[in-house]
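Note that the chains take the letters A, B and C in the order they are written out, and that residue 1 is the start of every chain.
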Amino acid sequence: MNELQFLTWVRGPGLNIAIAIFLLGVLWRLFEIYSLGRKKDLSAPRHTSGASGLHTVFRRSLPPPGMLKRSPVSYIGGYIFHVGLAIIVFLFAPHILLITNLTGLSWPGLPSQFVDMTAVVTMAAMVVVLVDRINKPVKRFLSTFEDWFAWAVTFLPVLTGWMAVKHLLLPYPTMLALHILAVELLLVVLPFTKLFHAFTLFGSRWYNGRVNAHKGVPV
Amino acid sequence: MSASLEKGIRVLKEVIDAPIASYFNSCVHCGLCAEACLFYTETGDPKYTPIHKLEPLRRVYEQEYTLLGRLKKLVGLSKPVTDGELDQWQELVYNSCTLCGRCSAVCPVGNDIVYMVRKFREGMSVSGHAPEGIDEAVRRTVTLGSPMGIKLPAVQAQMKHAETNTGLAVPMDVEGAEYMVIMSSMEIINFPEYLESIAKIMHQAGKTWTLCSTGFEATNGGIQLGNSDLAAVIVSRIVEGAERLKVKTVISPECGHAYTALRWEGANLIGRPFTFKVQHIIEVLDEFRQQGLIKTEGFESDKLTFHDPCQLARRGGVIQQQRNLLNSVAKNFVEMPDAGFMNWCCGGGGGVTAIEEAEPLRLEAFKRKKSQLEAVKPDRLVTACAVCRSTLEEGLEHYSMDIPVVGLTELIADHLVETRPLPQKEPQA
Amino acid sequence: MQGPLIDSLVRQGVSRRTFLKYCATLASMMALPPVAGRAMAEAMAASRRPSVIWLPFQECTGCTESITRSHSPTIEGMIFDMISLDYQETLMAAAGFQAEEALHTAMKDNYGKYLLIVDGSIPLGVDGAYSCIGGQSNLEMLKEVGKGAAAIIAVGSCASFGGIPKANPNPTGAVSVSDIIKDKPIVNIPGCPPIPVVMTGVLAHYLTFGSLPELDDKGRPKAFFGETIHDRCYRRPFYDQGKFAKTFDDEGARNGWCLFELGCKGPVTHNACATTKWNGGTSWPVESGHGCLGCSEPDFWDAGSFYKPLSTPADPLKFIAAASVVGAVAGVAVSVANRAKKGAAKSAHETTTLADLEK
């Protein structure tokens, strides 16, 4: 298989399979999780302004009082790479075109040099949080194979994409095809690993916020 | 003796719901929950990481309620939860967790870890893996009426003392009273000033109130044990009494878990909404103060700080009221660092004080409260929970810190402007 | 038949006498005796232009058309002064039996030394019957003529990689030269067609240096195929700024903005179009407002729509609806099983008594 055939495959059947498994997985898992339901709370609620499930969905993105200095790497490193990933995925012109092709939505992108710089910063932040996971006793204690694998599967698309644009290591068409393949791998494993938090964190924060709002505590 | 692993697993299957499923699937192993838990921060031992305390529950969830988990079980690739494992986990689920809820407040993906620990305890209790100390406290409450074995005569004795000291009547079983007052054993035994304070305040506010002979105990060990059936038995006494006496509001005393048990879990334990309101005494006091029903005079001049009981503030939603009250009677009230809804646990809640073997750990965890106090250097420490009070006193003594601990209700009562005349004394029969 | 060098020199106005004087001077400059000068003159005078044989296989003749547009060196200059084009069906005067004879004579006279140029793919289907010259299949002809070649130059995407005939479903079983010949040096000059001066440039390199130019992993001369169109495109700054033409003849198109959204394959295409351009440097596809088709890459025809951006799927996504349905069904099935299990656990609930707390 030559490089253009490889590229054609990942743009064609590869993408088909990956998106199909992704959609299948997301729907199945969302049903699986949320269909368990929850009992209604029969105690009398407090009515507090500024506290609700929805409030917490947003507010929980801020470090609670006193927590930032306890674990700055978790918050700062975490924010940098999440925001970085969002910028790269949603504000880079070729990616926007892909989304437009799949959904019909479109919006303007950022200059590609800015995305290039963001990719470097994102990768640096990801390496920092990886090192922190190895160094900090609690993170190391909690980490299983799935944590390392999830890191790699998230890091590879950024690395291969950046390397493709920069024409590093392998010829561009091959690097581009590897990048698309890396993204397909990420899509396929996302619904079945901790990466699914991308979907469930909304539900979790909402439940948490709701329970606490019921008691009158904005969290 | 019918506890069994099988029962435990079945109960866990019952309690696992969509929130728990969502939480387990959202956890990214970031470890921030550990940074919020005083048992980890003061010992440095990662096994106290809150989410780790739930590992057997997570496996039950995965093996019972996920397709992939079930398939793994079918082909023999999953690790079953065993008695031995639950035995090991007893220390993590009980000795090192006071149900303080700080972990739930910090988890970035929104996991309500304390909710999960509470549910996990359901399975631990019926599989025979709850600590003996808590089992015993519940046994005493169910069979005798209170975790310390206090029965009605002891209560009546305290009532008499209070009447003598205040010159006011302490009513019992008065139908149609506006407020029903319940007390924790700790108060009945250790802090009898509480009952006296109530009498004075109610008299001054002009409110009718009563104790209940069949439902005087506020403490609900069933919550700490984590068994809803037994907790329901215990809370039902209060509910039955309140409904029988047709009171408007039941006042939960200065006790943390009593408030949680009645105010938040109560209706869900008995399966129907209450026909009466439930308020914490601090809520009632602040309401009276705001409505001008009680007035205070004079100020404490020494430096005071406030320890927020977890079940009152973070888990109960009563955060500002204690500050309003304290400010009305103290000139030099200084907040400790992290005061308010993120305050640190005293280390004694959730049943931990009932577990003898947990004492060394509890005292080590107390270093957190110690460092908060060292930052403020107060003359006295005010709080609004009897178990917090005794835990604080023990901890302060252990570290040779000379800071007296005071109850807030008592403090308010001491400054009460008493304008109403005492009732005419009826000749004692 | 070509004459010796002396004839072409005479044709260009260099007399025999001048030539002899030149050789004598050359010899004395090299401090060689006069007899060396005479030897040089004899040798050089008799030297002949290298023999080149051009075989057209399953092709459209576009490559031949293209090479005739070469502006420097011109095709005439090549044919008359640099090479002896002994067999080229489109350009040669002979036909039929005389053409065949020219081919075989050239092969015999220059065995092991002639340059073989091939354009068009080689069909393997039906034993090669899809394309024959004078009754002989292209496959047989390539093997036969290739045996005595010094090197083979596969001109055009068809000869280099199989080209358009190889496109799905490849009814003739078309393959490239390098799929057949494994034991000769092969230069691939892909393009559909290749740029004129790229073809003549490679030939000129061979004639000047006597060796093939440096090749990449696909056998293409790095001098012309070492960079992608994207990396040499004059519209690249617009790509980097995110300024794209969205339709042909919209404002972006008229402003000369990047054609990525209109399907330009520049990023994955190696060729010299962006620098050398076409028609003697007049223009090239992007400059004229149409995205690069990627015609110098293998399997470019099967690489997906010419008008869909490279970052989008080659074809519309299939079985997305089906996958969603399967996922939802699986989810509902698991949900039903979960609810049943939970319900069963609830029904089996035994109210806890104090005895239940101990094992």
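Brief remarks follow.
Basically, a residue touches a chain if its C-beta (ideal position, glycine included) is under 8 Å from a C-beta of that chain, and two chains touch if they have at least 3 such contacts.
On a predicted model such as this, the values are computed, not experimentally measured, just so you know.
The leading chain pair by number of C-beta pairs in contact is A-B. Central chain (C-alpha centroid nearest the global protein C-alpha centroid): A. With centres set at the average Cα position, the gap from chain B to chain C is 80 Å.
Chain A and chain B have Cα centroids separated by 38 Å. The set of chain A residues that touch two or more partner chains comprises 28-29, 32, 35-37. Looking at chain B, one finds that residues 16, 65-67 touch two or more other chains.
Contacts with at least two other chains are made by residues 330, 334, 338, 342 of chain C. Contact residues on chain A toward chain B in their complex (touch as defined above): 28-29, 32-39, 41-44, 46, 48, 56-57, 60-61, 64-67, 70-71, 74, 78, 133, 136-144, 147, 192, 194, 196-197, 200-201, 203-209, 211-212, 215-217, 219. Residues 2, 4-5, 7-8, 11-12, 15-16, 19-21, 23-32, 35-37, 93-95, 97-98, 100-102, 108-113, 167, 171-173, 176 of chain A are the ones that touch chain C when the two sit in their complex. Listed in rising order, the residues of chain C touching chain B in the complex are 330, 334, 338, 341-342, 345-346, 348-359. Residues 1-4, 7, 10-11, 13-14, 16, 64-67, 125-128, 130, 135, 138-139, 142-143, 225, 227, 229-230 of chain B are the ones touching chain C in the complex. Across the complex, chain A is touched by residues 16-23, 25-32, 34-36, 40-41, 44, 46-47, 49, 51-52, 65-68, 104-112, 115, 263-268, 271-274, 277-278, 313-319, 337-338, 341-342 of chain B.
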